[in-house]
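The two complexes that follow have chain A in common; it is paired with chain B in the first and with chain C in the second.
Our next item is the complex of A and B:
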């Protein structure tokens, strides 16, 4: 019985027709391809990318209180926080802040330890540059985002 | 005199020019259709960058082929090496001189409209009443089927010569494979066509379509097995994917055209796609009623006549081409011994038995 069934199956090309049906179904499935430079991929919610130093949205001043916690927790020692004590208010004031993206492993410990949410790893992942020196981000770049400074505009949006 | 000149010279030339132009465009966009369709089968997008959804991709590809360096390997036989792609391409186009795109007398009104401005009415009538001059085909010869078969097998020579003249291992192996394959499948294909000829009683492609009209049934409904045989053998003849052993990339680097690049390669490439269209057109003419709408003699289906005959022909050819690409996206390549087994041990006996069966039925 099964032999005759197999014979009939082979005669009427059942398996080939099944295969054709599968490929026909797939023709109308929505595609997986991402048109990357044209449309940005959807990243995971907690994706950790380019660092940013946040400003207070109301006053426009930096949120960083120069506590140096990020620099201390960083496993790669790539954050350098420069501060000065204001002689009048006796408060620490941020003078400079560098972040070396060439060594960063995007562990996110800095943003976790930050008491004021000043340093934050954003969803921006386009970090490639033409020189090693431009991988060292200074405070201006960290505050404004790097491509705005390099190209004058956010060119790929 | 002038009428003969127009009938036998001017009108065929215009038709040939139109067919060559349209066919080249069709081939170019067939490659795009194939890439897009295969891409969507594999849940990809395919070409997207050149033009809207890659619509200008074939033109960009053509430009690339033309601009590439023209390389003839130093150990190759230069003359045959240059000749081979042409031998492969020209027959693929020549075949279309007998393929009927529309019924005889299709251009009657158009011809009368144009010619009556220049000629007196008696000679206009003489030209218009010539069924070949006003028909939707270049010419109608009474051995058209044989013509198609013989001319299209000349194309195989191009493949063999190309592989031989390259003077290199892989092209030679590819050429040997393709000649063996094409020769063995030609036999079964011939028998599949013979059973149609038994029914139609004519070798003229126009006549075969007219017979289908008179019978009221496309031959597909009478001889589905023969259609299937023709389709499979057509795939083997044109080196399409389940049977693309001559150019099996994974085994033979590139098959018979390994040493070819640039424009010469594009000629082989064009020939392959032109052959695909040829086989589809042949299958449509023999089995799907050419320019006829479905069930041409059923009165309540008469509204299908709104679509012009040429459009019916093109729609059917498109569907068969779609099937070709669809099968390519589905099936893996056969092994060479399987290919030969199917050719000689399966398809040939089926085709022979089919012919004998139908001959017996017709005799009774």
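Our next item is the complex of A and C:
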């Protein structure tokens, strides 16, 4: 009996039809795909993307105290912090700050170790550029963001 | 049925052929030198090292804190589980206690990672054999897990999940609801994959009786994880040598019988269900409190050596850490499960057809980042 049943199941492609039933149900369900260049994905708050050097929102001065902790913890040694001692106040003053995004692991150790929350990894994830030299972010770009090349800006119109 | 008899009628010549390193079904940059007699595989030789980055050597020049993100990049499909193994070793050497909440969240995320890894394996294994639909469905579910990773760790793939002593931050708001939602929907989704594959005659013909290895032989070849359990050997480090608090949770170790590609498939599918059960137990018992214990700023384990073995989604992942008392490890030897599993490929493919090589590479679940390091 079970042999005939198996034979009939084989003839009538029951196993294949069961699979097709699953896929058929999906024709009536909504589309899951994200239309990426048109719609920007909503990233999590903690996302570790492009770096940013924060300024004090009140005074507009940099929060960085040039303590060099981020440069020391960085596994790839890609952060360079330049500082100078102010002769009057005897305080360290930040002179330049570079961040090489081409080598960055985006591990987030720099923002974790920063005592003043000056360096921060933001939700910006579109870091592609046309040249290697433009992957080296200087202080100005870290503070103000950058003039992004809008890939495919007019492409989808 | 799937092995060809020695041909006596026609004269054939043994032909040497390269599969890879750019072959889409070798899961990365693996090159297999095949010796073919017609379509039958006489011998196969794996040539590895195309993705070698020297992660073990890099670790010697980094502090214990700095070298953690590199272990994300060994097995990038199961980055959370990889970091977990190393940190358990360092914490054991230093005698650091992780708070209970931290321990529980770690186990939960490692199990989430196991599901994500198995989903990716199922997707690629199915598409290698020719089933396109499962690939799309699996990636949809994997995306949900990656979103959870993104919310908690801030990255999707190379997560840098854990720190010495616990976690970076506590669970974000809404995480538990999202996890519960995923776990409630997940069994129905796995049933869907099974409906598409488990009884499908093409799937059965391509996987049953392919790459058969007995339990005894699997042990001799050093296989661990699902390839070993598919042969019926009950060996799971989470049960055999519990670490990190796994002894507190109840789960089964799914086993196969025949040790063929189909049994390994069934074992992994069942493992996803078991992982879901573990996560549900964790969420039920999740205690309050801090997620990070007291850990020194500069991690300096005392001079000595320690082997930390954990069950990664692919098998036994070992970190052999040698410390000379400084802030940098003197030597870190990684025992990657698939590097050792890949050597059995030669044994498994012998006598099968050329097309079955792809199924066998898929069933070993190799990740070349881990094989080559």
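Heads up, the rule we're going with is that the second predicted complex is superposed on the first by the 119 of 157 C-alpha atoms of A that agree within 3 Å, B and C clash if a C-alpha of one lies under 4 Å from a C-alpha of the other, contacts with A are read in each partner's own complex, and residues count from 1 in each chain.
One rule holds in what follows: contacts are C-beta pairs under 8 Å (C-beta built on N, C-alpha and C of every residue); 3 or more make two chains touch, one makes a residue touch a chain.
No experiment lies behind these values; they were computed from the predicted model shown.
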item: Touched partner set for A:35, first chain B, second chain C, both or neither; value: first
item: Chain B versus chain C as contact partner of A:24, first or second or both or neither; value: first
item: Touched partner set for A:70, first chain B, second chain C, both or neither; value: neither
item: First (chain B), second (chain C), both or neither touched by A:16; value: both
item: Chain A: partner with more touched residues, chain B or chain C; value: C
item: Which of chain B and chain C A:107 touches, first, second, both or neither; value: second
item: Intersection of the chain A residues that touch chain B with those that touch chain C; value: 16, 19, 22-23, 32
item: Parts of chain B lying in touch with chain A, wherever the complex brings them together; value: 37, 39-45, 48, 326-327, 329-331
item: Residue ranges of chain C touching chain A (in the complex, touch as defined); value: 62, 65-70, 72, 133, 140, 147, 150-155, 158, 160, 168-169, 172, 192, 195-197, 199-201
item: Interfacial residue positions of chain A with respect to chain B in the complex; value: 16, 19-20, 22-24, 26-33, 35
item: Residues on chain A engaged by chain C in the complex (per definition of touch); value: 10, 15-16, 18-19, 21-23, 32, 43-48, 73-75, 105-109, 112, 121
